[in-house]
Amino acid sequence: MAAPVQRRALWAEGLLLVAICAFCIFPFYWMVTTSLKTQVVALESPPVWVFTPTLANYWEVLFEDKVGVSLINSIIVAVCTTTLAVVLGTPAAYALARFEFRGKQDLWFWFITNRFVSPVVLAFPVFLISRELGLRDTHLALILMYLTFTLPIVIWICTDQFRSIPRELDEAALLEGASQWRIFRSICLPLAMPGVAVSSILSFIFSWNELLFAYILAPKAAKTAPAMAVTFMEGYDVPYGKIMATSTLIVIPVLIFALIASKHLVRGLTMGAVK
Amino acid sequence: WSLEEAAKPYAGTEIEVLFLDRPGYNAAIKMLPEFEAATGIKVNYTTVPYENALGEQVRDFAAGGDLDVALIDLVWIGNFAENGWLVPSETFINNAELADPELDMADFFPLVLDAFGSWNGVNYGLPFDNYSGLLFYNRCMLEAAGFDKPPATWQEVMDTYGPALTKDGKYAYALQSKRNETQSADSFARFLWPFGGSFLNAEFKSNLNSPESQAGLQFRQDLMKFMPEGIVAYDHAETVNAFAQGDVAMITEWSAFYSTVVSPETSKVADCVEIAPEPTGPAGRKPALGGFSLAVAAQADEAEQAAGWLFIQWVTSKAKAGQYLEMGGVPARQSAYADPALAETYKFIPALVESWKEGVPEFRPRFAEWPAITEIVQEWGTKMMLGEVSIDEGAKTIGEKMEAVLAEAGYYDGKKPLAQ
Amino acid sequence: MTAHVRRKTILAFLGPAVAALVLVGIAPLLYAVWKSLHNFNLTKQAQTKFVGLENYAAVLTDPVFWQAMGRTATLFFISVPIQIALGLLIAIVLHRPGLTVFKTLTRLSLVLPMATTYAVVGLLAQVMLNQKYGVINQMLGWVGIDPVNFIGDPTNAFIGVIIWDIWQWTPFVALVLLAGLSTVPPEIEEAAQLETKSQWLVLRYVQLPFLIPSLVAVLILRTADTLKLFDMPFTMTRGGPGSATEFIAVLIERVGNRQFDIGMASAQAIIMLALTIFLARLYIRFFYREVN
Amino acid sequence: MAEVKLVGVDKFYGSQQALHGVSLDIADGEFVVFVGPSGCGKSTLLRSIAGLESISGGTVSIGGQDVTGRAPSERDVAMVFQSYALYPHMTVRENMDFGMKINGFAPADRERRIAEAARVLQLEPYLDRKPSQLSGGQRQRVAIGRAIVKQPKVFLFDEPLSNLDAKLRVQMRVELEALHSELRATMIYVTHDQVEAMTMADKIVVLNAGRVEQVGSPMELYHHPRTEFVAGFIGAPSMNFLDIRSEGGRIACGETVIGTAAPVPGAVRLGIRPEHVGLVAAGSGDMGGKVVLRETLGGDAYLYVRTEAGQVVVRAEGDTALDHGAEVGLSFPANRVHLFGADGVTLSSGGVAA
Amino acid sequence: MAEVKLVGVDKFYGSQQALHGVSLDIADGEFVVFVGPSGCGKSTLLRSIAGLESISGGTVSIGGQDVTGRAPSERDVAMVFQSYALYPHMTVRENMDFGMKINGFAPADRERRIAEAARVLQLEPYLDRKPSQLSGGQRQRVAIGRAIVKQPKVFLFDEPLSNLDAKLRVQMRVELEALHSELRATMIYVTHDQVEAMTMADKIVVLNAGRVEQVGSPMELYHHPRTEFVAGFIGAPSMNFLDIRSEGGRIACGETVIGTAAPVPGAVRLGIRPEHVGLVAAGSGDMGGKVVLRETLGGDAYLYVRTEAGQVVVRAEGDTALDHGAEVGLSFPANRVHLFGADGVTLSSGGVAA
């Protein structure tokens, strides 16, 4: 396309790209470097760019402050809820994309609506219910609650993906004697992978980063990493190095997960089939 | 009586307790293994941010959760007690199997015991993590400006220390005023009492528009010219840091920050730090009073209650007070400070002891409505400082809202005694 | 195709998801609705009583609620257009051919802000915006601007929240729009290129109509998230200074979790939910007419 | 035993009727082609046979059994789609294997059938490729292979060659014919392409607006179209149609009286194919005209001749000297002339009353 | 003044070269058709002229001006895409108007041009419809209309008819030809379709693997292909090729000595088109064979004759009596025979040395 790719235009574009990258990365960079500073260096005014890095903060949060445990909690919760959302959400998305039945639009909308419900609304009732059921401070309570926002995302994105798969593939399989379930599992699901991947990343990110449910429902044993990060903030001194070290530790798994799946990121985000 | 004996029936009992990330708790955590080894009782502590501690406990109690030992801020005691969430300490003191003969309630600073642990004359909790407001000052800066001693009165701060120390990007004073409990407890109340003001009058109506209260609040407003810009965003951490970085000459902060400002790891001015009691106002010193007691939760079962009491009794005991102090905690035991040599190591001790003699327990009202009222004070107190409302108007608004809360609670129609 | 799908099959596909959401979504919501009809304060459970719609009346006449709503709306109307504009710019740049490696890197870096824990963003904001030791003020200093008191000044704090909201969500918007751009058939873009050199005209007249579904998705998500915005302002400013950054979710959290007035908080939250659903319906109705 | 029988098949989409009482008999082993203009219902009819559309009325029987209510998989048919509908994430082998696997065929049997199909279709080298790594023609063969391994009673093809380029189309056409003679299965084939229809079909079904217009062998349709529609549809370029008047024992076309064609009562239109119009010297023949355009295709040329009765296309030798502007005479051999009534029904073809 | 001149155009995709030094001269008002097998670079070449692809080497001039570095919109060309690329959200009128509007034409002028184009293309009734409400043929005309209103120097068409059905294709082809004679603009047209290429082109460019194989009028290419590739590509069905040996003054094909063809040194292959093979009684002619398949298309039939030198396709009358199994004799008229060397270059065509 665009034949006369003039040098100057390319330069401008390159500069713009660098600016975008810098915009995105700089705060992250600052977070990581702050995590390598001692408290005195971190609070230096004006801020210092060159300093002797120390891993002490990491050491401290990982081995003294149970951040390691909370990271594991976070991983358990995020992985389980994402898996559950995909397992429950993709068949529903397939049904919404492929079957005709009354009230389909409303059902779709209802699914999506759950994404709008603020945790502030649900947190307390859920707190009481989970106590009744003995689920308080368990991973399960969080996993279930996180479905309120992961399931809509999966359904939203995947419905769209399923719609973009030619119906003829379904029909071909139907003629071969495949059941609907089989068609879904063997034909459509593999082809909807970009959507599944993206909705998984987003589900993972959203549930990984969730704070409100986490601190109300999982105060101790199941405490997740973000809840852990804000714990430090409320000490009488604010240990920025520790907070940023924790933050870095929190962000890294998401990042790895997101980067792995980023190939699908764009293809899967065509959230266009809203009707 | 021995701890081991008393604990025998409860070996293996686990008790749940809430801690904060503060020096006093870290000290207790270091002491825990000794207790656990002696008793076989397991203490499961959860560290939460102060901001969440109240909510955490309220939800736990409301839902009949598993907390066995309550952590009570001075302002929560009324709330907790009125809801019947706590077990009066009488229950245990009268139980010879559990009560340590050495308990010696009289050894606690009476003001502290009363303020942190008691409600309506009934004692529930034993003071554990105790603070008093102190004046931390940077001797080097003061000397450089020609002062050889800290200010004794707020008026001096305003008239001489302020102008002399505020220059070259340095400030004379910083008052933590962030919009949370800091605003109401550390900032707002700090300038009410020394000037003769108070939140409520005898009829439980707002006293904020009394001339004394107004004078105090106005004084705070005027003093802002000697404080760093954006003081309303300063929480304890920012304030302490400003002092530790040498940008501010004086702060009025909790005793608990002592270790922070004198440690070279966290402070550039460690060698210059000196401590004095807070300056006095027209109505006297009336320093800020704060701290936490530990009490046994009513929702715990019998074994947990007993084990909880044993822990509370042990960790606040006379015998452990010295060790607690050494590890960074601040005990409320008078006996702990008897040794004059201690004042050499812990410069804050004289000021602390002095302020605990002059404090007001109702520095902040301690009744069940405080959580609602503090939110009002936080909002309008910061608005006042920001100049969004005048002192007079702000005080009036707080007063009205506060009275509405109290009316709702039934103080005005005689349903409730006017207790603090 | 539609011929042989039995009800049982449909049910089997949809049932689990519906059941799960009813369980975790609807049940607590109904409980919240029920509580919103009560005077219910956790610390005063003895005084709990049924009050009908009184809480709703109180909320709807409470200036604090409306101020928070107003603030939230202000945030939305300032930051979302900026996010969309910047996102679109980024999407367009990434959509253009050439500099492939560079663009892949950029796309990867877009994931960073999205993936950063929201609560952490608030903390990071505190560190970076601090008047004294904040790096942003240092950088402003390099270009000769005096240090700005971001956290302590009401207006600046609000601006701070906007900046960070933009930082965090622009990449997401950009990725959604990029996906939307990829749905424009290449020939159609080329047909337009034969008519004009101007990127802007191509965008305005040819690409934009294809982007409408993506834009609606962005609007819906951003509306929901703005109304839910809690973690970041909470950790950054706690709603302060004053009430400068007390957005609606921060307010509700304060009423529910700090004043323990669950009845009132539930009423507020339900009003907010109704509003969100109304807005989402509106977007879908209004914008989708244009496409079909 | 794999005959297909449709009786009075109706199909409604909402209130729109796509098929109007279609009845058809297709014998075992026959190669039947459905043709008709776009939207006439060819695909709908094919899909109704497959069971992919539920019909609104009538019955479908396959191999003597009424399958009207049965699911597609229970009808023992295989379908090749226009877009092939290969499973993109499976290799060629897996594509062919899928149906057998889910129907629980024995592995040895599956392997044997795949090997056999791959041999017939010359797909052996590609068995482990994914469809995206194949050319159009190869994909097409995989789609056929997927159908073959099922060994169905009936093969259904919906425009299977339309995505291929001209050369490949010819090649695939020949392969399909060979396949048909090898398998001797019943095949139903939908196409837009004249050449395909004419060369492959045992029987052509011409559809028009959801109705069967005519059923017959290609030559039957070519020589004896039952309606003007069929006459115009079969043959390329299409038949020339001229408005005529049948007056007192003579046929008049415009001002000219055409002697050759015997008058038939009620005839209002005369049809003659370009390849049947005789080119004679100007002034002689049945009609005169002027060449307005010559299209040369190499071996043949088409002359567009303007006559007073309208434009007539005439096929000539590729090296004809006649060109734009030449005056020519046209002759209409009586045995090549078709006459149609006002209702579009053929009255006579090649001088023989229909 | 709208001549198009390409000099040594190269195009690389990564390391793969899609165009190899293509040079072409296209005169003002000429109708040029690009043909060639799939993937040979037709589209790439067309898009390079439009400026939609930046070329890696060489120059493109339009109307005497070097436009190599210019943006597509500055080249004054209009393109009709295979998929039409109509703006789906605009009405027909808006589609046509778009280019003029954004280029700031006066409203009156715009209206006039649209009206004119709509008249020429008979689109008046559809001006306010969206593309989705139009049939394929109508969409195609809108795409052309969008090109016309621009009044460009050069029209570019990339397989514009390939999505239409056969009937519509013929119709649109004629319309395009009429348009060309009316506008007299330079038109460059890519197609897969033999008939289109032969009938529409003033000049055909045969591309093969990114290189120009031959440029010439349709008849030149038909009668005098410069290479075996062109000979095989032009004409449908394709030319028959037979391996020969040129031995001591005789041409031998298999075991048979073919007398008619004069031997040419170096010739290794003989080509003759199906329409030029003579059918004679068995035993006579140049070669004998047996009919293995008859494909009847109505007016014509193609006989597939198996000979000892390979299969030869022969065109016969549609009503020929010869069928499967018949023994026939084939004659190769000397003036229709082409001979090719080992390198694929034509040595003689119709007895005339190339």
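Read from first to last, the chains carry the letters A, B, C, D and E; within each, the first residue is number 1.
Here is the rule we use: a residue touches a chain if its C-beta (ideal position, glycine included) is under 8 Å from a C-beta of that chain, and two chains touch if they have at least 3 such contacts.
The UniProt protein names, listed by chain, are A = Carbohydrate ABC transporter permease; C = Sugar ABC transporter permease; D, E = Sn-glycerol-3-phosphate ABC transporter ATP-binding protein UgpC.
Keep in mind it's a predicted model, so treat the numbers as computed, not measured.
Undergrad: Show which chains lie in contact with chain A and also with chain B.
TA: Chains touching both chain A and chain B: C.
Undergrad: State the chain with the largest centre-to-centre distance from chain E, centres being mean CA positions.
TA: Ranked by distance of C-alpha centres from chain E, the top chain is B.
Undergrad: For the pairs C-E and A-C, output the one whose chains share more C-beta pairs in contact.
TA: A-C
Undergrad: Roughly how far is chain B from chain C, going centre to centre by Cα mean, in whole Å?
TA: Computed value for the inter-centroid distance: 38 Å.
Undergrad: Return the distance between the CA-based centres of chain D and chain E, expressed in whole Å.
TA: 25
Undergrad: Using mean C-alpha positions as chain centres, tell me how far chain C is from chain D in Å, no decimals.
TA: Their C-alpha centroids are separated by 58 Å.
Undergrad: In angstrom, rounded to a whole number, how far apart do the mean CA points of chain B and chain E lie?
TA: 92
Undergrad: In chain B, which residues are in touch with two or more of the other chains?
TA: 59, 245, 247
Undergrad: Listing for chain D: what residues touch at least two other chains?
TA: If we look for residues of chain D contacting two or more partner chains, we find 51-52, 71-72.
Undergrad: At least two partner chains per residue is the criterion; list those residues in chain A.
TA: Residues 1-2, 5, 43, 45, 124, 128, 171, 174, 216, 230, 233.
Undergrad: Where on chain C is chain E touching in the complex?
TA: 185, 187-188, 190-198, 201, 205-206, 209, 290-291
Undergrad: Show me the residue ranges of chain A that touch chain B in the complex, using the header's touch definition.
TA: Checking each residue of chain A against chain B gives 38-40, 43, 45, 124, 127-128, 131, 136, 215-216, 219-220, 230-238.
Undergrad: If we count contacts the way the header does, which residues on chain E are in touch with chain C in the complex?
TA: Going by the criterion above, the answer is residues 50, 52, 71-74, 77-79, 81-83, 85-89, 98-99, 102-103, 146, 150.
Undergrad: Under the touch definition given earlier, write down the residues of chain E that touch chain D in their complex.
TA: 37-38, 135-136, 165-167, 170, 177, 192-195, 198-199, 218-219, 222, 234-238, 273-276, 293, 295-300, 315, 318
Undergrad: Residues of chain C touching chain A in their complex?
TA: So the residues of chain C in touch with chain A come to 1-2, 4-5, 7, 9-10, 12-14, 16-18, 20-21, 23-25, 27-29, 31-32, 35, 90, 93, 96-99, 102-103, 105-121, 123-124, 127-128, 132-135, 138, 141, 167, 171, 175-176, 178-180, 182-183, 186, 189-190, 193, 213-214, 216-217, 220-221, 224, 227-228, 230-231, 235, 249, 252-253, 256-257, 262, 265-266, 269-270, 272-273, 276-277, 280-281, 284, 288.
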